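Chain nomenclature is as follows: A, B, C and D, assigned in order of appearance, with residue numbering initiated at 1 for each chain independently.
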Amino acid sequence: MATITLKPFKTPELIIECNNITPDAFAGKTPAEIAELEIFEGKVREKLGDFFSVTGSSGNTAAETDILIDGDCSRVKYLGSKMTVGTITVNGNADMYVGGWMKGGKIHVKGNVDSFCGIAMEGGEIEVDGNAGNYVGCAYRGDWRGMRGGTIHIHGSAGNDIGTFMLGGTIIIDKNAFIHVSTHAEGGTVVIKGDVEGRVGGQMVKGDIYVFGNVQYMLPGFKEIDRVQKEIAGESATFRHYIGDLGERHPKSKGKEIYANLYVKASA
Amino acid sequence: MPKLITGVGCPYCGSSCDDIECLVSDDGKKILETRNACVIGNEIFHHVSSPDRPTKPRMRQADGSMKEVSYDEAVDFTAKALIKAKKPLIYGFGSTNCEGMSAVARVAERAGAVLDNCASICHGPSFLAIFDNGYPSCTLGEVKNRADVVVFWGCNPMHAHPRHTSRYSIFPRGFFTTKGQMQRTIISIDPRETDTAKLADYHFMLNQGHDYELFDAFRTVLRGHDIPAEVAGCKREMIIEAAEKMRNARFVMIFFGMGCTHTDGRNHNVDIAISLTRDLNTHTKSSIMAMRGHYNIAGPGQVWSWQFGFPYCIDLSKGTRAHMNPGETSSVDLAMRDEVDCFVNVGTDAGAHWPIAAIKHVKKHPFIAVDPNICMASEISDLHVPVRVVGVEEAGVVYRMDNVPIQFKKVIDGPEGVPSDEEFFDRVYTRMCELTQTEPMWIPAKGHAKASSTSEH
Amino acid sequence: MAEKITLNMITQRAIEEGQAMEKGKTTPEYFQACSIVEMNPKDMKKLGIWRNTNVRVTSEAGSVIVKAIEPTQFVPPGLAHIRQGVWANQVVPPRTQSTGVPQYSGFPVTIEPAINERIKSALELVQGAVGIWKGGN
Amino acid sequence: MAEILIKNGFVIDPSRKINGDVMDIAIKDDKIVDKVGSGAKVIDAKGKVVMAGAVDVHAHVAGPKVNAGRLMRPEDKLFKSPDAQEHYRMEMGFSIPSTFKTGYDYARMGYAFVMEAAMPPLHSPHVHEEIHDTPIIDEAALPVFANNWFVMEYLKNNEIENAAAYVAWIINATKGYGIKLVNPGGTAAWAWGLNCLGINDPVPYYDITPAEIITGLIKTNEYLGLPHSVHIHQNSLGDPGNYTVTLDSLKLAEGVKAKNKFGRDTVMHSTHIQFHSYGGDSWANFESKAKEVMDYVNSQKNITVDLGCVTLDETTTMTADGPFEHHLNNLNHLKWANVDVELETAAGVVPYVYDKNIKVCGIQWAIGLELGLYAKDPMRTFITTDHPNAGPFIRYPRIIKWLMSQKAREATLASFKYTDKVIDATNIHGIDRELTLYEVAQMTRNGPAKSLGLSHMYGGLGAGLDANVGVFNLDPKNMPSDPEMIEKALLRAAWFIKSGQIVVKDGEITNHGNKRTVWVNAKVKENPQVMRDINEKFLKNYTVAIGNYPVWDSLAPNPLVIDIDVEA
């Protein structure tokens, strides 16, 4: 394995779009070549090297390439988007689209991420030590094919629209979430360890949601059917088991309708 | 002899009434009388003749005062600002015609700008919902001729669209609705008892911000499931009764407004309303429609969709491909994130209608207002460019709230020397080409024979 | 009686606002139509004010002085309404839930009596906010 | 403008029965001429095929439902749009491209004329705004009539003269081209959530049947002597077993003679016939009835058809057949847009993925090609995809590849998940016919131009015709063994000259051309009753003023008007 280290030394006037910060784009390139990679600040084409110092070495293949960004990327979009393999570690915050359309590999952001983290993700792993903005693991606007695979783990809280149109994969939020969890989902698993304000599982066809804290406003389309013991995200607990969204269409399997499941941890 | 012009379009709300009659002075320069318009429309037709109306561009000077400049100087300033900025934002379009929107789109593509319209702070979430769930809708004539259950969800046409209820939705007698209001059941869903709610047979005074839950309840009931005794502050029995009314109707029409798009959940409130409409179509006929605010605010959604594939929030900065993702490429988000460095406000008053916090951000950079009138944006701008008033002094195509195109005629001549939005931005485009030494691209060919009052009578 | 009261704020259109806006945003009509907050008489009573009292409305985003009036269209207790426009937008939070649309409706505000404070004009508020207001206080 | 000489190409021009002869084509200004002077710009077409600009008889490229599709599908743009050519407008979208991309891509394939297949009259200014913004290609639009209140009322009473006066008024007001029928009566029924699946189903409320509407509009069309025949999308589109409805509708044209001065000898154009040639009675036993349908079409000289071939792409379906889109939406559960248009028509839009791992999609693909291969008269069978319904128009070269190469067909068939089941339900596997370039030119140029009554301007290379000439990197004497080369050559013309201007060179746009809007100006004798009816409906039932309804001239700034004068 080889590590390329990027150190931000200049804050952009606007926000820079760096589709090229991926092991796929860096593999087999020298630091000097990497510094030449194109980025955008608005309509202005600039180079990665205009904002980051590039040191270390990349692997021959993306799988052998680790990227360390040693500093703040609050004004850097598209970190690790579309990456297929390798790793990216950010010692700081990152802006929008972290791991968007990601197919494999691992991204670890030690600060916070802004919205659209893991949008339309297909595989791989995203770990965020801080908080996430809105639309974690969502679909692109209009697409009915949202997150299909992989894992997103947010150690802090997240905003609204978690797992919208989700089809597969897992999203874990260690703290709280705001509104709209797994809206329109047809698969996948979302785990909220803290509280959610409401709109959990609206228009949901299939898939699973676990809430360890409180759901302040339950949707009328979810009905409690039983209590179950489940182990999820490393914790075992008794959950109140709801099915829904009863207002939404549901596919049938062997003559029986399949519903989405919402598990809310039963208070002791 | 003063001349009566009929079939005039009203440049105010999304009802885009085109039955206004204007009595115009001999010289064709002043509107003496207006008939059929609501109080707001009436005000527009009369305001154009106001002596206070600016007729010259004004540029802010070093001492903070505004000084009149020529249109050539205004064109030059705008062209240079757009070229210099890394990511200009061109926003507005609440009150211009499609010809103007098209002209600005060409400028924006040339400038690598973000092109956005005031749906961004209004019915933008409706677009997001349409992206995700579609839009089973109809033209307003279908409502007039067929609808027997009409739902007003988070909208108050008695105030925002004053003639909507009389022309289209509650009172008119249509082909299959010969008894007018007597034949229609009106349902209002609003946390206030608005003047529209007062006209309703059912008023759901829901807890503000809980529309989504109430929609979910309607859907759940329609699928034959039970719901809690109270949802969003509304009683189960009333929900079931209204759901039955909808199920048994011949034609259910759902109108929705800012009550859905301005509150928590935004697009999802509209999205689930669309799902409810889809559900109702398995039982009967049902349509849904956004109560668009301005007479041609559906226009940019149409023009830019055929030009770029997106109705709003269009980031053209890459020059090769357009990108859209509201939340990122939407005006207020761009402003709050300091992601744009030049602001051109066309035919909408961001100064009055944006949260003041967002205005403070865009005001850090060059700020240009193109608007016929003195408004908040013009009074904080670095350059204010007055233009002709569409629908009164300038003809053009506009799209009504149901996306029906209406050809608005011109009623009187505009003030001398004042260009239309289209003319101004075509000059900006030409100037940008001169400054960058590139060939102007004039497609498509321009038509010059727009209908005006003179050809009508 | 409370010193301040927390209400849920919404901002919406009104025909008075529409008509006045078309007349001009610097006109007395616009000032009269929009520099107001509509609240339920029960909430006024809680706050110990009469109708037509100036109040300070404060949100996470800012603060503005407006005149409290009885609702022209019924507003239930707990809810407050400022008509769309310059005064409302002094307090509307710019957060958009990543949709582009600010939180125009459904945000908490505190309302407190401000009997001796002056309601600023539209121009003063907007030009003042961006540091170019040249008039007096 | 100037003179151009296209030298030494293999010319294929069925209008003059020229099949691959090495010839020069001379152009002066915007017309083809016999010869030009020595100063003419010379284009060396040696070793390349030269054909007239192509004519698309049926595509959805402009108007409210096309734009509803664009608007509601941002995902049709993301990662699917090419980079703009420098100094040209952006080209956004795959299945429903922007107007700029539409014009550019048609030109790159050597198309000179495209018919927008369904214009709701109330939305005609919108259609013309989009046509206006579509560069290079000439376009016309067909207003829809078969669910219109006036039409149903007049035809119910068998008042052909009144129907004709009304149709003429609408064609003039909308700057339209002819008479389009979409799901006759069925779309009117949809206004109440219903449909008409057979041609004898009564239309709710209107006391008329689809058969009566079809027959009446054929009569109306020939009464007016319009350049094009009626253009029909039949009832029961997309349903298993619908081929009987198709045959029933086609039979309504039997014995009817064309009456017009445009050289058209057909009275019915049956569009996207692939969607109407289905057997079986469910998706489980769904099968091809292409042979049955085409046998009938072959035997009836007064009918033309276009194929509507499935291209196996993710696309966007859109049609004035409102109830069909609702039905489709109940099958795939994706987003659904609908627009019911007061007094006139409706439309629906639903995204659709033609997945080659799904049996039904494979069968649909086979049916479209079988129809083309069973066609005995290429002058009456035209290549389309019902863009974007069965696939985007940029797949025309791929359809041609499949029609010209059994090898290409078999390769695609073999790539299916359910190859055997598709073979069982179709005849494609046994068909060894391979179309020639001459036949392709008939199906894409000469034939459609004749059906549209436009062969005096388009579809051929004779002197006096419009100077629309495509040059492609194909040698008809020595066709490539790799069928992919056919698709490649036809997707990007080596040269395309439109109205005498070079608009494409080496597959790239070089000029914005001189796009025209083609419309018919039908003069009929004054009909006070019809005018009274129109005025009354505008007062009582429409929501727009009659004075604001006719499309302004400024929206079609470069018109090509075809005048017809109906003698009373």
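Quick note on the criterion: a contact is a pair of C-beta atoms (placed from the backbone, for glycine too) under 8 Å apart; a residue touches a chain by one contact, two chains touch by 3 or more.
Remember, predicted model here, so these are calculated numbers, not experimental data.
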- prompt: Which one of the chains is farthest from chain A, going by Cα centres?
  reply: D
Message: Looking at chain pairs A-B and A-C, which one is connected by more C-beta pairs in contact?
response: A-B
- request: Could you give the separation in Å between the centres of chain A and chain B, each centre being the mean of its C-alpha atoms?
  value: 35
Field: Distance from chain C to chain A - Cα centre to Cα centre, in angstrom
entry: 39
- line: Separation of the C-alpha centres, chain A versus chain D, in whole Å, is 45
Task: Could you give the separation in Å between the centres of chain B and chain D, each centre being the mean of its C-alpha atoms?
output: 34
Field: Touching two or more other chains - residue numbers and ranges from chain C
entry: 97-98
Message: Two-or-more-chain contact residues of chain A, please, as numbers and ranges.
response: 115-116, 134-135, 140-142, 144, 160
Task: Would you pick out the residues of chain D that each touch at least 2 other chains?
output: 72-76, 334-335
- request: In the complex, go through chain B and note every residue touching chain C.
  value: 12-13, 38-40, 43-44, 47, 50, 52, 64, 120-122, 124-125, 128, 156, 158-160, 162, 191-195, 197, 205, 208-209, 258-259, 261-267, 293, 313, 326-328, 330-333, 335-336, 349, 351-360, 363, 373-376, 379-380
- line: In the complex, the residues of chain A that touch chain C are 115-116, 133-135, 159-161, 178
Message: Which stretch or stretches of chain A touch chain B in the complex?
response: 13-15, 40-44, 96, 115-116, 134-135, 140-142, 144, 160, 165, 179-180, 183-184, 198-199, 202-203, 217, 219-221, 223, 245-248
Residue ranges of chain D touching chain A (in the complex, touch as defined): 72-76, 78, 333-335
- prompt: What residues on chain A touch chain D, complex-wise?
  reply: 140-144, 249
